[in-house]
Each structure stands twice: as C-alpha cells, then as structure tokens.
Amino acid sequence: MRTPIEYVDASAEVRVVYDDIMATRKTDWINNYWKVLAHHPPTLRRMWATSKEVMGPGALDALTKELVYMAVSVTNGCAYCIASHGAAARKKGLTPEQHAELVAIIGLANETNRHAAALELQIDEQFL
Amino acid sequence: MRTPIEYVDASAEVRVVYDDIMATRKTDWINNYWKVLAHHPPTLRRMWATSKEVMGPGALDALTKELVYMAVSVTNGCAYCIASHGAAARKKGLTPEQHAELVAIIGLANETNRHAAALELQIDEQFL
Amino acid sequence: MRTPIEYVDASAEVRVVYDDIMATRKTDWINNYWKVLAHHPPTLRRMWATSKEVMGPGALDALTKELVYMAVSVTNGCAYCIASHGAAARKKGLTPEQHAELVAIIGLANETNRHAAALELQIDEQFL
Amino acid sequence: MRTPIEYVDASAEVRVVYDDIMATRKTDWINNYWKVLAHHPPTLRRMWATSKEVMGPGALDALTKELVYMAVSVTNGCAYCIASHGAAARKKGLTPEQHAELVAIIGLANETNRHAAALELQIDEQFL
Amino acid sequence: MRTPIEYVDASAEVRVVYDDIMATRKTDWINNYWKVLAHHPPTLRRMWATSKEVMGPGALDALTKELVYMAVSVTNGCAYCIASHGAAARKKGLTPEQHAELVAIIGLANETNRHAAALELQIDEQFL
Amino acid sequence: MRTPIEYVDASAEVRVVYDDIMATRKTDWINNYWKVLAHHPPTLRRMWATSKEVMGPGALDALTKELVYMAVSVTNGCAYCIASHGAAARKKGLTPEQHAELVAIIGLANETNRHAAALELQIDEQFL
C-alpha cells in the first residue's frame, strides 16, 4: 500500500494534482508524500488544496511558514517531515545561522514547556 | 513548592535576575515562570541566561522567534506557554491575520506529520 | 540486551508464554516485541496477560480494536507498532479504503487537537 | 481573539457554514471550536469541508471514526477534544462497556509504544 | 461516567481492590484514579495488580521509581499524574533540592531530544 | 549542515569544548551530538555548560539522573538519545534487572497518563 505511484502509472485524476504541484513549486518531480497519498485520490486532492491554501502567500512570508512547520515536525520527531521541509526552507533562503537559531529555539521551548508542566504554573492574570 | 516568589520576598541573588528580566523586557513585572523557578536560583539564573541568548537579537527577527516558540508550545499542548508567548508575540506585532495563519500551519504540520508516520514514508533521495 | 530470544533458546517459563501466544493467534512464529521482552519473564508474562485481556473478545470488535491501536501508534510515531499492528489489522480484514480513511481521521484529529490548544478553547457546557 | 462568535453576530459568510453544521448534525447549536475558528472565515470553511469529508459516511462506520478520533485526542491530552468527541461518540451509540475497552486499549498502546522505543526493536521481516 | 465511586457505594468486588490499595499504601483513602477506574472492575483489578508489580520493591528503590514516573508524566503534560506522583514522591522522601534537579533534567532531556531530531543525528557506532 | 566536525577539523574555540567533554567524561572520543552541534559554537558552548551543570554531581546520584533522562527520551521516541543515554546509564552501573524495571515503569506511566486524560480526572484535594 506504500509504494509511491509514479507519474507514468498515475490515473488522469492523480496526474492533475501532480501537474499542479509541479507547476506551483516550479519543479519537475514529486516527493513521496504525494506519491503515496495518491493511493487515495480524495485525500491527495484535499491535502494538496489545503497545503496550497495554508502554505501559500499570506500575512506570513514563505520562509517563516516553513520555520513554523519545522518547529512542529521536530517536536513530533517526524524524520520525513524534517528532511522535506528542511529542504523547502533552504530553497526559500534559510541560512545556516538561521537554522542554528531555529534549532536552539525549538529546543528551548520544549524545555520550558516541561518546566511549566512540572511546576504546575498558574497563568498570570496579565496573560488572560 | 510552587508559590511564586515575589520581588519583596526574593533574595539579593534572585533580585539580580528579576532586575535584568525587567530591564531587558522593559516591563515592571515578572511572570510566574520566573517567580516559581526562583525557588532554585541556579536554574533561574541558567534559564534566564539561556533565554536571553536564544531569544535575543540574531539572524531571525524577534517575532519569528516567538512564532516558532508558539508552534512548539501548541504542539505540546502547554497552556501556560501558549498564553505567555501569545502575549509576547502580540507585543512584538503579531496581527490577528498572522495568528490565524500560524494556527493553520501548526494544525496542518501536525496532520501531515502523522500521515508521514502512518504511510511509513521513505525519505526521497533528493532530500538526503 | 536487545537480542530477541528464540524459542529454542528460551527457558521453560518463557516457552509457556510463547506457546500461548502462538495458540491464541493461530500462528507458528513470535514477533520481536515478545522475544525481546522475554529477557525479563515477569514483564513478558504480565504484558501477554494484559494484551489477551484488553485485545481479546469484548464489546468492541477485533478490527476496531486494532484501529484504535493504530491511531495511538501513529500519533506517537512508533514505527515498530505501526508495522506490527498494521499487519494485524490487515489480517483482521482492514481494506485499503478503510486504511485510507483511518489515516485521514488520525491526521485530522491531530490537526484539530492543536487548533483547540492554540485557540485556548473553553469546553462547551453542553459537553460537561 | 478567542471569544466565540455567536450566530447573531456572525457575517453572512460565517452563517452559511454554521447553517450547514447544524443541518448536517441535526442540532440547533454550534460548539466553541467552530465559533472561535470563525474569526478566520477561510479556515472555518476549509476545516468544516474537511471534517464533512473525513468524518462523513465511508468505509468505516460513524462510531468507529469517533473512536479513532478519541484515541488520538487522549494520546495528545486534548481536554476539549476528549469532551467534544466523547459526547459525539455517545450520541452515536458508544456504551459504557465500549468506552471502558476504548480507554484500556489506548492505555495499552501507549505503554507498548514506549516498550518498543525503549527496547530498540527491529521490525520483523514478516511485517515488511 | 466519570463520577468517582466511593467506598460506601462500591461493590464487594471493588472493595477488595480498595482495601488492598489502602493496606499496601498504609493510608485510609483512595485517590480519584482508582475510584473512576472502578466503573470497569476488570480494568481496576488489572491496573492495580500491574501497579503493585511494577512500582513495588525491586532493583530500583521506591523514590527512583517515582522520579521516572514523574519524568514521563511531565513530558506528557499530565496534570493529574504530576500532582499525584509528586505527592507520592514527597512521601517517599523527595527533597526540594532533588525536585529542582529532577525538573532541570526533564527540561534538558526534552531540549536535547529535539536537537537530536532537528540535526538528524546518526547513532555513533560506539553506542550500537 | 549535519556532518560531524572531527577534532582535527575543529576550530580552537570548538576544541576547548571537546577537550572539556573528554576530560569530564574521562573518554578519548566525542559523540555525534556534540560534533554536529559544533557547527554553531555558541550553542555547543551553552549546551555543554548546561549539561555539566544539570547532569553533574548534586542531590540526585548520577545513575538516577540518567534514568530520568531515559524516561524522557523513551517517551519522546528519540532513538539517538535512547542509544546514547542507555550507554551512559550502563557505564554508571545500570543492571539488566534495573533496566527491565525502568522500561516497565516508563510503559506504565505512559499508560496511566492516558487513562487520566481519557477519564477526565479531577485532582484530589489531598494533592493540592
């Protein structure tokens, strides 16, 4: 069930999504996430539409969006997502210095999140 | 063990940290995280030094750093951290539109992270 | 400490559990989880007894139980558990269409769980 | 930013979604998740469309879908989601006995997921 | 379904477990975990037997066992478990200084766990 | 960005930290965590200082500290951390029997943490 579906083997319905992914990203290949999702065309279509809407142009710039994505993926320990969105972030201009800061913040937030839980902190009224 | 230590009750050692927090943040109050951490001065001192280094000026701007922090805190479900860093982000200029996009990206990344796990995805060689 | 203990090398105490696993599952082999757990016979015995009680016949049917197990394992990103319980679910009749829906629900729930945290939702009184 | 938007205060765009939620669910009220999401109409619309597609009629029955949702929500410790989907599951027929079994399976899977990590298990070739 | 079942309202079957909990712990009351679990006597009985076996005398001392329990509970953000096992740890001799170190280690491990994920570390051959 | 930096290729600034790691641990090699962190010297320096302070001599003994570290790493499913801190724990005297108990407690705590969430437990007043 996990074999990626290559373009040549894809149905017309799936190719429409693949074509839009490549056109939107200005690339000539599709990564495994989409090629495995393609076993269930409704999910492929829905996830691509969602991805375009959420990760597309908006009030946050493209690189910032990737950094948020990375922060989630690292916190969840998703190796695939770290690799794919790390590549996306570099393509959008992430520098080694910015990457180092990103990693440091993710680490710190995971640390203080647990301090907050362990110390059973009450939310300050100034934050309510 | 969880009672916040107020400034008037704090030791000289703790007050030095409190003073630096207020001066750095240009505020006249301290939130509960630091006031509870103050029961163990070495941890208070270390965490504040770490926080200043990691969250201070660098290659990523101040608001972006807060968004990364929020992404981690939401993924971990840390209510205290969401409240405190949500306030920090708004203070640094987060707009309602940006907040809505942030929430949408965090949600999407948590969704696709699980798709990647469930589908047992292989990392594409292009990402290695 | 992590070498699986094969049947031929197992003590009588461990073989009793292995025999029951194979008889209960109507198979002639044991998967690594049990063979590594076998280094500590009390844990092997306890976990097998628990597994039989919790995953055995009850008010929920066998396939539904596996789907719940999968939902947890995917959320935790446990590759071993996803592989082993995925196999168990297919053996109990999971179809590709059902699998696709399962993956979609797991993804959606992980997404909305974070929306709920990020938006600091109050529980509606109708749910209390 | 977190105040729920009531029907009387909602824009026409938001009311369309609210109306569809109530019609689909055959209820006369909307829970806080949607009323807070309504601050960002594109997200409200997208999440409701996704929810209808993923949780609607399919290869898995309605109650099973809720159980999977619960398994994720409990694993993530999302109190709001546990309350809201617990109510949904009861409405769809979940019995106390089934609920008790659900809770036991979720607990067991979380336990064995960590055993698998701690014991650094190799995936059996039979599962590949 | 969540109302705690008090001793006076409990069946004989449940009272046997309650009596053993109080005798084992040398206390005259039962905490909510067991009183809510009591709605499903087989789970109550199984979890108490498991708890006695796992948390009882062994190769690790009683306080160390509680610290491990706390580390898990804090990492998962389980407020109930942090409160109940924090009390148990104090009863078994946890000092404020030890508690502060425990919190610091839990925080640090959560931080470095994410560094390891973000940096896509290869396991050193010396650790294999 | 993830290539480990070997001693011979390291800057003087990085070698100072490497030397201190080897001297403190009484070993003649450095594991990948530090060698990859070395791409960003400020983070390398800060994390090593933190590690020495948190994991060094204190109110909890060295082995107990490693067990807490393991409990977090297993709960987060961090394979690298489980391998490296498992080795550290064995070096500090962890016996196979103690390891088996550790694994059992981690599993049990993850199980009961989810029971607590699923059953929406109220914290007993005795724990407040």
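We just call them A, B, C, D, E and F in the order they show up, numbering each chain from 1.
The working rule: contacts are C-beta pairs under 8 Å (C-beta built on N, C-alpha and C of every residue); 3 or more make two chains touch, one makes a residue touch a chain.
Everything quoted here is computed from the prediction, not taken from an experiment.
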When every step has to jump to a touching chain, what is the lowest number of steps that links subunit D to subunit F?
1
Just grab the chain with the largest centre-to-centre distance to subunit C, centres being mean Cα coordinates.
B
I want to compare two interfaces, A-B and A-D. Which one has more contacting C-beta pairs?
A-B
Once you find the CA centre of subunit D and the CA centre of subunit E, what distance in Å lies between them?
28
Between subunit B and subunit F, what distance separates the C-alpha centroids? Give it in angstrom.
22
Among all residues of subunit C, which ones touch two or more of the remaining chains?
50, 75-79, 83, 97, 100, 102-104, 106, 108, 110, 112-113, 115, 117, 119-120
Can you list the subunit D residues touching subunit C in their complex?
2, 29, 31-33, 36-37, 47, 50-51, 54-55, 58-60, 64-65, 67-69, 71-73, 75-76, 78-81, 83-87, 95, 97-98, 100-102, 104-106, 108-110, 112-113, 115-117, 119-124, 126-128
Contacts from subunit E onto subunit A in the complex sit at residues 70, 74-75, 77, 79, 82-83, 102-103, 106-108, 110-115, 117-120
Subunit D residues touching subunit B - in the complex, by the definition given at the top:
1, 39-40, 43, 76-78
Can you list the residues on subunit F that touch subunit B in the complex?
42, 46, 50, 53
With touch defined as at the start, can you tell me which subunit C residues reach subunit A in the complex?
77, 96-97, 99-100, 103-104
